[in-house]
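Look at the two complexes coming up: chain A is in both, with chain B in one and chain C in the other.
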Partner chain A sequence: MEPEIHLKKNVRRKIPVVALGMVGLFFFTVLFGPFITPHNPFKIDLNNAIRPPFWEEGGSTRNLLGTDAMGRDILSRLIYGARTSMIVSIFAILICGTIGVLLGLISGYYGGKIDTVIMRFTDLWMSMPTIITAILIVSVLGPSKKTVIIVVGVTGWITYARIVRGEVLSLKEAAFVRLARVAGCGHLRLIFSHLFPNILNTLIILVTLDFGRVIIITATLTFLGLGIQPPSASWGLMLAEGRQYITYAWWMTTFPGMAILLAVLGMNLTGDWLRDRLDPKQKLR
Partner chain B sequence: MQRYILKRILHAIMTMIAVTVIVFFLQRLMGDPVALMVSPDADQEVVEALTKKFGLDQSVLIQFLTFLKSAAHGDFGKSFKWQEPALQLVLSRFPATLELAITAMFIATVFGLSIGIASAVKPDSFFDRFGKIFSLLGQATPSFWLAVMMMLFFGVKLDWFPISGRGTLLHLFMPATTIGLISLASITRLTRSSMIDALKSDYIVMARIKGVPNRYVIMIHALKNASIPILTMMSIQFSYLITGTVVIETIFSWPGTGRLAIQAFLARDFPVIQVFVLFASFIYVSINLMVDILYAYIDPRIRYQ
Partner chain C sequence: MSKENQNILYVDSLRTYFFTRQGAVKAVDGVTFSIEKGESVGLVGESGCGKSMTGLSILRLVPKPGGEIVGGRILYKNEDLLQKGEEEMRRIRGDRISMILQDPMVALNQLLKVGYQLAEPTKYHRDTEGSLREMCIKLLKRVKVPSPEIRVKDFPFQFSGGMCQRVLIAIAISCQPDLLIADEPTTALDVTIQAQILSLLKEIQREFNTSILLITHDLAIVAQICHRVMVMYAGRIIEKSPIRPFFKNPAHPYSIGLIRSVPVLRRRVERLYSIEGQPPSLLNLPSGCHFAPRCKDAMSICHESYPPEISLEQDHSVSCWLYSLE
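The block that comes next holds the complex of A and B.
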């Protein structure tokens, strides 16, 4: 008789449906945002100001999540806020990812003096807490969406650089690299065609997990007045504006915050799942 | 050991020098401070007089050296907005921030370590599951939203705590807890995973075979070896703490350096911004230095790097 092999149910790889759903929703709003907003998020309607969500007294199904102080529909602003967050995050991650990966690749591959210099530079950058660098840069460039992207990009490359450098250091000794060198492969080609594809897995995980940091720091800077300026629809701004009405209009601050929480949670959970699938050696913590 | 400490101190000093240079030159890029101080149609003579008074007509290098000279005397200029010496202004607000930061760090560390260790010792228990969910949520929550929600719930709806200002322990509770909770989430998560890894090691099995009481095994052997990544995380948390105090102080109108920094920024008060950045960097670099030295005590291998 054949031995029966029972696989426990939780040994099978679980796909985090909820997390991917949240991320999917997030991306969906980015692509189709303008088409699915029930109202114009910028249209001011003072007659309709400070309406509660539809399940409360005074609310109506016209504005499902209520309106803000200027009568703008909160749900529509949330959706537009998602787009803004996404766009800012993507560009910011592009910046810090590019800087970090390049520095990490160079530092790890060439080693020696170049490595020391780059690592010293990394140490220096790390000793400036994000908010400090943010205040400095925004003081010079003035608060705006572009400035936020620059600030978030420029303060976040360290993690990428360190991790990529670590990967390159261990890959450098691998057989395929040595064989390529023996075959006469030039440095640049080695770095970009051989080393880089092998760090892609780690990079994907890193990017996914970094989204959370980027979204939160963007919202924080915007909330403090250092970022995206009104009348843009940004989650941080919605929270800042709603703060004054907190005693009688709880929805103006609760919903934007929940949106941030869900977006970050979705990205973090997805990142964790990717890490379980793509990084069995747990190189990334 | 001494060589290591000396190296770290040197490193800290060089970092501070680099930060000072960056801050100074970045400030100069901000445009003409005189133009911001006078009205657009001011007399040319007034503009020139002010330029001379602040030494802005001299070369950048000389301005930098003058800046360093006055800085050595503790003179960082006068705040435009409050008309007080900038350094004194920042220092006067610092005790309030320190109170907030220490309380928050205490909450985060004590509870973070406890929950993390307890979760690691009994993985997949009900307590552990709760801890995991709590960590996940905590890491995804923006601090300013948590602050506003706490304000709403505990301050407005329940009316247990005052929602602004500083004074009693009641005033301290919400701000400190907000910062602390978010830090706690990260510390718990890392403590748990570090401890679980440490507890799997051979030396732990050996200690148990030898008959070492369980609490020693956990608290001394496992914790000591798990503490390096935890310490690293805590110094990163400290960096977050600086950001956190800026945000939370603004929301709760807590009279600390963080709120001062934002007010100075909004008023384009350069001397105060400058001092704040230098001061905060100094604190951060010092804390890192202390953590580095602590590493060397905990892990003898590091002393020989």
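The block that comes next holds the complex of A and C.
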């Protein structure tokens, strides 16, 4: 009996090699991008345009994944695209995380009218389609990397606000909150030095899962021409640029598509795994 | 008035209700008592009779939404706590009046070091001169936690239940309060640890001349450390007495029942004594004496109106019709 239980536990606790591998690859290209790109991702070489990947007829090992319509190396652009995605994701998540966590903490802790106002506001916000909001913001600020960050930041905080509020609602009945109150702890201090550390595990999971969402939205906006502008290297942009050649140059769209897929999948799988590991309620099962 | 001046705390017809969809739950319904400087008073009663709510009401920490103090006065050093603002109350909590919560294992924040939590009241209420760490070590030493120098850096989950309770006591006494409300301080602990915690409380009381309001359902604990005892039933105090007369001659039929239901080792009995029936729902209390439906000596008047507080001897009073006829 004993060894079997042990075994089961081990299987469940196993580190998801595939997911972490994907995430690892992503982070590796982000960190060491400039050192591992075989070519300058921005260098236009029209004599070398629309080259297929090396295993196809007409391809060469000079451009492993081929070149795009302007002769730029796809692999190099993918690697730089990872950096773009990362930068956008980090700043966007910083913005929506901060707004969401703050509103969630306040809403959950104070309750009552404040809670009602904030929650109805999130309902209102949620009823606005992301793309419409994006178009509005872009038309005001003009398309750029900064705009994408702002768009994703101001549309994505709702999840944070709602989940953090829920956590706080259950935590504020906990005995340690009462103890802090009995000790004479003020509201703000209670929120930030007692409640906040207790929602950190949820927050870590949330952020990991949110990475995938941000990468997709960034790519979507960019594909629609509302986001990152040429000649920057970005996965969404590569998809948009390769679209018109899709019938005879599949590599221009397939590889950035796969990059998005792998990055998002890796982040989501890692997020799921983290949830299983960090959620004390699930560990007992 | 002179009597009131000695009192560290005077609670006057305090009423704390919970407003639910079914109606008002009268958790505390007109409770009056006083505590003198350096005195320890036991508040006993069964689960759900309003003891804890009385304690929380004094600190104005009744759970919201729903709970509300609807009437009465709570005089701390002749100042009404119910008239104070939230900020003034915050300054009193943990400094002049502090509380030891039940269930020590979950009362500490599991993610913060014990030392951090120990230092909290001091951080809020004092201009800290000297090192907080030194102070924490001294406090832990005071409550007899072994090797305090190492333990301050530990997390609560590394402490046993008894040790957690010692930490809670240390937090509660860190600002040397005038009044310590101990809400079932030993309920979650086993008997040997209980004895240690009780003697610790006793020592601390003597050392700082702190008043203690001990909330418990265990008469044995009251007998060990309290000067006076108050019995609470269905939101009201039904008997107040110094400790000796109470155990010798309990007056209220409920108190008599309580004392009788404590098992005695020397007497062999088939069944333990228990009071018939269930305590009434606080939503719809019986008219008249709340205990009347379970009382063996109930008379017709008991079902009609609530008995007044009748003084029997010095400091011994009871709310029961049986004694008004004499």
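Criterion: the second predicted complex is superposed on the first by the 268 of 285 C-alpha atoms of A that agree within 3 Å, B and C clash if a C-alpha of one lies under 4 Å from a C-alpha of the other, contacts with A are read in each partner's own complex, and residues count from 1 in each chain.
By our rule, contacts are C-beta pairs under 8 Å (C-beta built on N, C-alpha and C of every residue); 3 or more make two chains touch, one makes a residue touch a chain.
Just so we're clear, the structure is a prediction, and the values are computed from it rather than from any experiment.
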Using the overlay on chain A, decide if chain B and chain C clash or can fit next to each other. fit
Looking only at chain A, is it chain B or chain C that touches more of its residues? B
Using the touch definition from the top, say if A:Leu65 reaches chain B (first), chain C (second), both or neither. neither
Going by the contact rule set out at the top, does A:Cys185 touch chain B (first), chain C (second), both, or neither? second
Check the residue A:Met238 against both partner chains and state whether it touches chain B (first), chain C (second), both, or neither. neither
Touch check for A:Ile132: first (chain B), second (chain C), both, or neither? first
Just chain B (first), just chain C (second), both, or neither: which does A:Val23 touch? neither
Taking the superposition as given, does A:Val140 touch the first partner, chain B, the second, chain C, both, or neither? first
Quick one: is A:Leu105 in contact with chain B, with chain C, with both, or with neither? Answer first, second, both or neither. neither
One more residue to check, A:Ala175. First (chain B), second (chain C), both or neither? second
What does the superposition give for the shortest Cα distance from chain B to chain C, in Å? 12
Taking the two structures together, which residues of chain A meet both chain B and chain C? none
Given the complex with chain B, which residues does chain A contribute to the contact? 123-124, 127-132, 135-140, 212, 216, 219-220, 223-226, 236, 239, 243, 246-247, 250, 253-254, 256-257, 260-262, 264-265, 268-269, 285
Enumerate the contact residues on chain C facing chain A in the complex. 59, 61, 63-65, 90-95, 98-99, 101, 103, 106-112, 117, 120-121, 124-125, 168, 171-172
Complex contact set, residues of chain B against chain A: 11, 15, 18-19, 22-23, 26-27, 29-30, 136-137, 139-146, 148-149, 151-152, 156, 190, 193, 229, 239-240, 242-243, 246-247, 250-251, 261-262, 265-266, 268, 270, 273, 276-277, 280-281, 284-285, 288
Can you list the residues on chain A that touch chain C in the complex? 111-112, 173-176, 178-186, 193-194, 197-198
